[in-house]
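The next block holds one structure in the form of structure tokens; read it before the comments.
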Amino acid sequence: MQAPAIQLSGSYHIDGTCLFAPIDMTLPAGEWTCVLGRSGVGKSTILRLIAGVRCEGDFQGEITASDGLPLVGRVSVMAQSDLLLPWLSVLENTVLGARLRGEVPDLQRAGNLLEWVGLARHAGKKPDSLSGGMRQRTALARTLMEDRPVVLLDEPFSALDAGTRADMQDLAAGLLKDKTVLLVTHDPAEAVRLGHQIIVLTADAAQPWTPPSLPPIRDQYAPETVECQAQLLAHLRRAQ
Amino acid sequence: QDQVTLLLDWFVNPDHGPVIIAQEKGFFAEQNLEVEVIAPADPAAPPKMVAAGQADLAISYQPQLHLQIHEGLPLQRVGTLVATPLNCLLVLKDGPIATPADLKGRKVGYSVGGVEEAMLGQILKTHGLSSSDIELINVNWSMSPSLMSGQVDAVIGAFRNFELNQMEIEGVPGRCFFVEEEGLPSYDELIYVANRDTMDVDMIQRFLAATEKATQYIINHPDESWEVFAGTAPELNDALNAAAWRDTVPRFALRPAAMDAGRYARFETFLNDAGLTDAILPVGTIAIDVTAP
Amino acid sequence: MMRLRYAFAAAGFTLLLWQGIVWITGVPPFILPSPVRVGQAAYANRVLIAENAWVTACEVGLALIIGTVLGAITAVRLAASPRLHRLLTPMLIFTQAVPVFALAPILTLWFGYGIASKVVMAVLIIYFPVTSAFYDGLTRVPAGILDMARTMGGTERQIMRRIKIPHALPSLGTGLKLAAVYAPIGAVIGEWVGASKGLGYLMLLANGRAKTDLMFASLFTLAIMTLLLHVAVTKVSDRLSRY
Amino acid sequence: MMRLRYAFAAAGFTLLLWQGIVWITGVPPFILPSPVRVGQAAYANRVLIAENAWVTACEVGLALIIGTVLGAITAVRLAASPRLHRLLTPMLIFTQAVPVFALAPILTLWFGYGIASKVVMAVLIIYFPVTSAFYDGLTRVPAGILDMARTMGGTERQIMRRIKIPHALPSLGTGLKLAAVYAPIGAVIGEWVGASKGLGYLMLLANGRAKTDLMFASLFTLAIMTLLLHVAVTKVSDRLSRY
Amino acid sequence: MQAPAIQLSGSYHIDGTCLFAPIDMTLPAGEWTCVLGRSGVGKSTILRLIAGVRCEGDFQGEITASDGLPLVGRVSVMAQSDLLLPWLSVLENTVLGARLRGEVPDLQRAGNLLEWVGLARHAGKKPDSLSGGMRQRTALARTLMEDRPVVLLDEPFSALDAGTRADMQDLAAGLLKDKTVLLVTHDPAEAVRLGHQIIVLTADAAQPWTPPSLPPIRDQYAPETVECQAQLLAHLRRAQ
């Protein structure tokens, strides 16, 4: 299944106040788009809109896929909270999607994924006996298990230490190659490392930020990357 | 006026005619009594409440009274409301039971646990059967429905003035074997009981005088008294009660205070023979004549 | 085991309280006999009580199983279809609002005077708390989890099975604990309506013969039975709630 | 409003079903009269029914308030002290295991034949589901939140008030919905034990005298009353659960 | 109330396996100690141990305050998950501590805190209608409302964008001056910016890492800071 590009344009009101004015953004097909922005600006809301999940507010505008087909059933989402089911083990949480669709889960792949996210030893544990970062990695594994052309990740690495985070970024970038990915993040370094496209979201606009010229995954210490990252950070600070 | 609390054995029905008429015609008031009438759902409760001092008088059944006294309840019969048995062994008129002897191997329903099994045992004995020849089922308060719908083949504990009419009206006529004709000693079906230790004899005398007057009125004016009875509450005015009234009138005790010591002695002996009691009490502890000086 | 010990402590305490009430209020023995009298009656009639208790216990056990299964299925059905819920719930309440006593003649007509009508009566009584409590649990799954399940393409059937039901198990536990207490009462009422065995029958018999002590001995037996059942069900339900 | 509409739809549906059962099974009218007959009886006795329904409604209202308050207080007390819970719960179950009918003479001895004994009876019946469901909610607060509250130096009293109680309100709702259904039955049983007014009295009267149609008319009135009560309580409980 | 130093030494076993071998760490009085380490290494566990909160595992060792008094009642904790009460508004959640102690909350101060964390406009909202970062800032405000000498923060800024994060760091550093603070973080930049002491936690040891010589809050762009940060990051990566 070819990953489509996604076009979102419109405005969003909640409780009568405007969250974002008419904005316009495109997630290019098969590429990573990283969205940054102030806390509460509406990043998760946009992600929910694309995912087609019920939202409190009122969205005026449209969300279309480049192939003209509806997005339903083609999106995999990792929400900001981990949403693990406390009565299932890590492994069972990982294969939840297949189970919910009534399919036979690919336990082989799930085992591999847990290995890759570093939870192989913990596959049988219940979420309550996991640390915060382990929970997040379980949620990541669950999202990566879903083989969908569009993947929406809402701060998927926020609870991870630097080393683990870099590993998970590599893993996700590898597995989600050629998918249309929306990554919401607070870390400019992450955006600069992973994004084909970087968008800075404000109340008025979804403003693109030129990423370094090399394709991702970029070397974090390359001068161009460091430069871009510093400027982006400065820009974000200014945008306050 | 003196306050009197009277617990009925069951909700208001034609059996309580003299009480209702005395109330409506002002006979209680003439005796300077103000009577509060309360109806329960469990006929076993009123005697207990009288024994506990919660009420002055209760309407109860002679057979139950014997057992209650044996269990230590401080009760005594002080008057009679219905002076014959009402209880009967009820079967379907067109059913297979032509005589109690036909009950062999069949199901018999009863309502209040206690004496009814013993009564049935006596009837069966009269016909050469024993309790083990039948299956006894407690059908509680749905006597005629369980019989009419064929759940049981007979019921003991049905009232001849009542269930028979009810079945007639429902179009499934029934037939009664009268217990006193089937080997049981005759007894007073409905009696007034009071607390032996705390009863107010003067008040009870006046109460019984008022019901005596009411009974006379009923006998003398059966139709007018029915009008009075039916007029007290809309729920009482129906065909069933009218028929039951007609059948009950001749059975009211004309002399409510009068006492027949032999009746109580005979029944006490019967219960003892049936194994329901372990001693025979003197009649004086069971019933008294409140008018005796 | 701990639980059982407390249960017995409570039974003992109840006895003391009971004896205290009898002493203080001076309530006559034919209304509330003292525990000592009841104990004597229980001992004297131990075979009789045991036989009848066994009958009631069988009815209760059957009813508890059937009622739980029926109630759980109903709750799942109702939770699966909001429309069905809106239509069926009032009807359920209708049936519950009718005192079983009033339905007794109909029930005995259909189920006879055997064990079936008692089981049906008890099932009728426990069906509603089980359904109601389980349903509440099924409909209180956090919205975020359901959103996730839907974007995953989960079928309603699987969402029910994998998410809603496990999430509602503690609530089912609440319902089961109520059911454990009500089932014996249901069976006894069933016996009152028509029976020739069982604790309810024994109570009626004792009541009719003014043997209040025997009646309370039967009651006490019933209460102990209920208590043991509740202890057992609480264990099960604690296991359900622990994840 | 929506709810009420569905309630009426359900009532209508029940009537149809009922009529259907009567037709198909050919059950005799003295066991289950047809809705038409019941309707006629209800119309003919409308004043009688209304008067008696009003009495029962008052008893139910009072009982619901008292029972909920008592149940809620008990649940809070039990949740505040695990030891009290372990000791008291078996006693609670003991009292619940005793069919109220058996307690009736004692209750009337203490509370007389007035409205009090009916209210007490209904309170006894609703007390347990309210206590039980609320208690379950109170003891299911996530451990993390309690840990936080304790490190904040929260007093047990305030933790109960600010955290456990709000967290358990949905569970209280579950209990209340059960109570709404049981309270009318409780009042009716109370009336059966001794009364001269109320729907229970009317039912008994009609039942004993084979006026099955009047009995079912009273039953239907009782059911409608229960239904309305349930709708009202569900609204309240939905408000409790929505945060 | 003078903030005490805290000394922790001991080992921790869970389900029979060792989480950390005998380690030894000191939180100097009135200073910030930043703890870094791999996900699942036991950072939150240590925080819970100091907070005196029930733990699943078995701790062998001791935790003492320099003034010899027990720590109970002197610790304020911000846990990794926000633990907001869904039925309370943001303001009510903020003053929860006082309410739980049966005190009259200082609404003035709460209002100020909400202003400082940027939630003044949202004070009346329920947590369910907040974004992830707003929830975290509410939890932060609630923790800062508690005026305790010892403050334990478990990744308090993980859900915040760079700008807001810097602001919150400044705010916390200002308000928690002279308190004994333990900050668990995944961000080396954050540790280098805020820590008087930096500890890298591994299974074997709580190993101190020399922070830059200037006292915190440090300028993120000062050469010494950047240098320290880069080396720390490299060390963390190696520690894998």
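Read from first to last, the chains carry the letters A, B, C, D and E; within each, the first residue is number 1.
What we mean here is this: a contact is a pair of C-beta atoms (placed from the backbone, for glycine too) under 8 Å apart; a residue touches a chain by one contact, two chains touch by 3 or more.
This one's a predicted model, so the numbers in the text were calculated from it and none came from an experiment.
Common neighbours of subunit B and subunit E, listed by label, are D.
Shared contact partners of subunit A and subunit C, listed by label: none present. Ranked by C-beta contact pairs, the top interface belongs to chains C-D. With respect to subunit E, maximal separation of chain centres occurs for B (centres as means of Cα atoms). Averaged Cα coordinates give subunit A a centre that lies 50 Å from the centre of subunit D.
In terms of their C-alpha centroids, the spacing between subunit A and subunit B amounts to 84 Å. For the pair subunit B and subunit D, the distance between C-alpha centroids works out to 36 Å.
Multi-chain contact residues of subunit A, defined as those touching 2 or more other chains: 81. Shared contact sites, meaning residues of subunit C that touch two or more other chains, fall at 27, 31, 105, 109, 192.
Within subunit B, contacts with two or more other chains are made by residues 42, 48, 52, 142, 145, 149.
In summary, the structure contains touching chain pairs A-C, A-E, B-C, B-D, C-D, D-E.
Listing the residues of subunit C that touch subunit A in their complex gives 143-145, 147-155, 157-159, 162-163, 166-167, 169, 243.
Within the complex formed with subunit C, the subunit D residues making contact are 2-3, 6-7, 9-11, 13-14, 27, 31-32, 86-91, 93-94, 96-99, 101-102, 105-106, 109, 128-129, 132-133, 136, 140, 170-171, 173-174, 177-178, 181, 184-185, 188-189, 192, 203, 207, 215, 219, 222-223, 225-227, 230, 241.
On the subunit A side of its complex with subunit E, the touching residues are 36-40, 43-44, 56, 80-81, 118, 129-134, 137, 154-155, 158-166, 186-188, 233, 236-237, 239-240. Listed in rising order, the residues of subunit B touching subunit D in the complex are 7, 10-13, 37-42, 45, 48-49, 52, 54, 141-142, 144-145, 148-149, 166, 169-170, 234-235, 238, 240-241. Against subunit C, in their complex, subunit A makes its touches with residues 48, 51-54, 73, 75-77, 79, 81, 83, 85-88, 96-97, 99-102, 126, 128, 146.
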